[in-house]
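The two complexes that follow have chain A in common; it is paired with chain B in the first and with chain C in the second.
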Partner chain A sequence: MNVRRSGLTMPVVTARFVDNAWRRSCDFVIIDLEDSVPQHLKAHARTLVKDAIASVSKGGAEAFVRINHDSMEEDVEASVWPGLKRIRYPKTEHAHEVHRLDALITRYEGARGIEPGTIEIDPSIETALGVANIFEIAAASARIREFGAATGGYDLSRDLGIEMFVDFDQFVYPRGEAELAARTLGLGVRTAPFVANTTGSVSDADRALRQAEAARKCGLRLGTGGLNPAVVENHNLGLTPTEEELRDAQWVLEQYRVVEESGAAWKTIGERVIDRYEAARAKELLEWAAACAERNREKAEAVARVKAQA
Partner chain B sequence: MSSILIRRSNLLVSMAERGQVENAWRHDADAITLDLESGVPPELKPAARAQVREALQPAARGGAEIFVRVNDSTMSEDLDACVWPGLSGIMVPRVESAADVAEAAEIVTVLERERRLPVGSVSLIAVIESAAGVWHLRSIVAASPRVSQVALDEGDLAASLGIEPLPEYDPFVYARGRVAVEATAARVGAIGMAYPLSVRPREAPGSEIHALATKARNSGMKGVICPYASWVAPVNAAFTPTSELVAWNRRVREAFAAGVAAGTAAVPLEGRMIDVPVDEWAIVVLATAEACAARDAQKSAAKSQASETPSKSQ
Partner chain C sequence: MTDEITEGGAAGAPSKRQSWLIVPPSKRDEIEQAARSGADVLVLDLVELLPDREKSSARNVFRDAIAVAKAAGAEVFAQIDPSSAETDLRACVWPGLAGVVISRAESAAQVGEIGTLLDRLEMERGIAGGTVHLVAALETARGNHAAHDILHASHRMFGATLGRADLVMDLRPEPSGEIHLMAYLMQRLIIITGTVGVTPLGAWWRAPDRGLLATPENTYNAAHRGRAIGFKGAMCLRPEQVEPLNRAFGG
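And then the complex of A and B:
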């Protein structure tokens, strides 16, 4: 199980961001070649990716790269190196774009001694046309293992011609279409319930916690990432089950064992129903909590190793 | 950048209401639609049809684009009556498939040729009023290059689905979202009001109309069909970028340019993060503000000319 609760997008050309990314406790870091890199620095940016992959993952984070829509070939060549886990492809509008990306990744995996098929593709849905073609896109490659639409993307807003940061949910339809496609195809669902952000702040840690907790309470597991280090810890926290939830899940499983031994299908205790659905939910929660704990330990060990070497 | 279509308000007036038709030009609507359909009782349809040609030019005195809403059951006769100089387009009701659009487009093409109008000059607004229409949206918006806008008639959609909308629950979040997405994907303008006035239009205070029209704009709509003249001013205002928004987007452009010059395209500004799409959106907002100002200037020029030379029909 991949634990991807928190992540930051870092402009590859800004050394102080890239150099410090490993300290941020992210589950993943997206090395950006796209919207945070000025056009005149794109070629230079490509030369920095290989080292950035090693650098950002020192603290145990998975390294992803966001390439440019219009320079797929050059960007993939610059990005597919050992350590890379996923390529994010922005403004995906057609399945054939994913097919082409898949073939390019396959070529460089082979040439650079990376196990074939291991690098994931994350097609970003950021335009109305992308939403319209969403199912074909999500189904376009076995490298797509998680899928979702942004909860309030800048690009999709621009394309739809809407101001962001309003007090109502503007993306019900795109999110619904994305989740439907992901669930139909058995992919990890990356989405989040609507929590208003009327200021446009990217560093509001309290809101980040409310957002991540709301997502966890909906049974969601994957984080949508952020832009500012201030939100990372609360994304990790909010998507990790609480002690109270763990105790409750253990209690549900104990009660369900009693139900099973009695030969019944279900029973009620107070207002709670204990049946196999509740038991399955409790079991999944405990597994998720264990995976989060394991991920936290991995990251802590990685950070300790870096500090020991220093 | 391609030119931006500014058609914020589209005032719907019944061809059976003489006073409404005569005064429609005074309300500052970007477009006026002369209705031959639901607003006209069956017994008055022939008379309304006979008068529509003469109503076109006077209705345009305030600089509005003029549309006619035709009946699906008498499409040929209605189009024959209204495709004349001065007509900007046709509002086609009850569209359920691409074939419905194609049918209207074919008749319009023949009439344009016969009457020596520039071929392709008459545009279409497709109105969706049924589940089939919502489902077939993609082929509908792509059915003809004449389709400039698409609207959901939520009152008729509710009736067609057999639902009675509740005051506190918006039944058409999905349908409206789909209209916005499919229209935008095809580079067609989605138009419509926000709930609850979308499903039950009524006269309301200007502040309420303004708030809901703003919500409609922020849901992806490019304008509103106004069943009441009192909707026009708040709708125009809601779809015109405010001076605050213009000022903010100027700051965005400046900050972004400075960031790029300093080697980064991710620029913090007043708590937000400015990068390429934010700068691109700023360009759109500033261009929209200019286009709205140009449209308003056009209309007031037309209006002052109209008051200097009163129409003979008055």
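And then the complex of A and C:
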């Protein structure tokens, strides 16, 4: 199980961001060749990716790269190096784009000694056409293991003239289409329940915590990432089960054992129903908590190794 | 398929199937109580409300259960598990059965097979061909994804519901109180049932209620909202939830 609760997008051309990324406690870091890199620096940016992959993952984060929609070939060639876990492809509109990306990744995996098929593809859905073709896109490659749409929403809002910072859920349809596709295909669901952000702040740690907690309580496990280091710790925290939830999950499983032994399908205890659905949720929660603990341990060990070498 | 159907959907369906109460077939006293609740339809359930070890005895008493359930005038449907479709249908297709709810319906092929089994059982058991209607419970992502094909797959199709999708798909409340993804799934189902010409059935309880425990008042509110979204009736799990469903969907 991949634990991907928190992540930051880093402009690859800004050395101080890239050099410090490993200190941020991220589960993943997205090395960006796209929106945060000005056009005249694109060629230079490509030369920096290989070292950036090694640098951002020193603290145990997984390294992803966001490439440009219109320079797929050059960007993939610059990005597929050992240590890369995933390529995000912006403004995906057709399944054939994913097929082409898949073939390119396969070529460089082979040439650079990377186990075939291990690098993931993350197609971003950011336009009306992408939403219209969403199922075919999500189904276009075995490299797609998680899927979501409009989790940030900036590009989709621009494409369609939708306002960004409103106090109601303006993306019910595209998000629903993405999630139904992901679930139908058995992919990880990357989405976020609606929590209003009317200011547009990307560094509001309190809001980040509320958002991540709401996601956890919905049973969602994958973080949608962020832009400012201030939100990382609260994304990690908010998506990790609390001690109280763990105790409750254990209690539910004990009660369900009693239900099973009694030969009933369910029972109520006060306001609670105990049945196979609640038992399944409890079991999943305990597994997720164990995976989070393991991930935290891996990151702490990686950070300790770097500090010991310094 | 009969000639007079142009849009799909079961022919000659009675208009009033608004309140549907789900009951375990093995508990005679619960069926008698349910039959007095005023429900338009009693759904004798072979899937959700009984543990696995009781399923075969529930199948054995199913024919009697139909008679008990019909005594107070309600129509009787059976809820079956597609993974044991033939066994379940053999147990429940008897004169007096108005229809079958297919739990976790996932594909047109599955509905087609169930239709073929129904053709055969109706013939064997002296029931007029096409009597037994179908309701597809779209409780999984695959089922919802394939909703259009599923609802088109049989001329017996009367309606569709999201059933217990919140539990089967593990959808939980968002901070707004809405159940995650449910606004989308409900609106999608209303559009698809509208294009196919079958009846959408649903009422959605908001947090913190689960349908099993919802009070009559919360049931009314859920049904009222369901009707406002476009649903034409709903299923419930407790006799005291029937009256609020009738009140919300009636008139």
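By our rule, the second predicted complex is superposed on the first by the 309 of 310 C-alpha atoms of A that agree within 3 Å, B and C clash if a C-alpha of one lies under 4 Å from a C-alpha of the other, contacts with A are read in each partner's own complex, and residues count from 1 in each chain.
Going forward, contacts are C-beta pairs under 8 Å (C-beta built on N, C-alpha and C of every residue); 3 or more make two chains touch, one makes a residue touch a chain.
These figures come from a predicted structure and were not determined experimentally.
Trainee: For A:F194, decide between first (touching chain B), second (touching chain C), both and neither.
Mentor: In the superposition, A:F194 touches chain C alone.
Trainee: Would you check which partner chain A:R281 touches, where first means chain B only, second means chain C only, and both and neither mean what they say?
Mentor: The answer is second: A:R281 touches chain C but not chain B.
Trainee: Looking at A:V37, would you say it contacts chain B, chain C, both, or neither? Reply first, second, both or neither.
Mentor: First partner only, chain B.
Trainee: Please indicate which partner A:E74 is in contact with in the superposed arrangement: first for chain B, second for chain C, both, or neither.
Mentor: In the superposition, A:E74 contacts neither chain B nor chain C.
Trainee: On the superposed three-chain arrangement, identify whether chain B or chain C touches more chain A residues.
Mentor: Between chain B and chain C, B touches the greater number of residues in chain A.
Trainee: Would you sort A:A214 into first (chain B), second (chain C), both or neither based on which partner it touches?
Mentor: In the superposition, A:A214 contacts chain C only.
Trainee: Should A:V131 be classified as contacting the first partner (chain B), the second (chain C), both, or neither?
Mentor: Once the two structures are laid over each other on A, A:V131 reaches chain B alone.
Trainee: A:E146 contacts which: chain B (first), chain C (second), both, neither?
Mentor: A:E146 sits against neither chain B nor chain C.
Trainee: Looking at A:V172, would you say it contacts chain B, chain C, both, or neither? Reply first, second, both or neither.
Mentor: A:V172 contacts both chain B and chain C.
Trainee: Which parts of chain A are touched by chain B and by chain C alike?
Mentor: Touching chain B in the first complex and chain C in the second, residues 172-173, 176-177 of chain A appear in both lists.
Trainee: Over in the complex, which chain C residues touch chain A? Could you list them?
Mentor: Answer in residue numbers: 48-51, 53-54, 141-142, 144-145, 164, 167-176, 180-181, 183-185, 187-188, 208, 210, 212-213.
Trainee: Which of the residues in chain A come into contact with chain C in the complex?
Mentor: The touching residues are 135, 169, 172-173, 175-177, 179-181, 183-184, 193-195, 210, 214, 217-220, 260, 263-266, 268, 271, 273, 277, 280-281, 284.
Trainee: Which bits of chain B are touching chain A when the two form their complex?
Mentor: Residue positions touching the partner: 138, 173-174, 176-178, 180-185, 215, 217-220, 222, 245, 259-260, 263-266, 271-273, 275-278, 280-281, 284.
Trainee: Of all residues in chain A, which touch chain B in the complex?
Mentor: 11, 13-14, 32, 34-41, 127-129, 131-132, 154-155, 157-163, 166, 168, 170-174, 176-177, 199-203, 227-228
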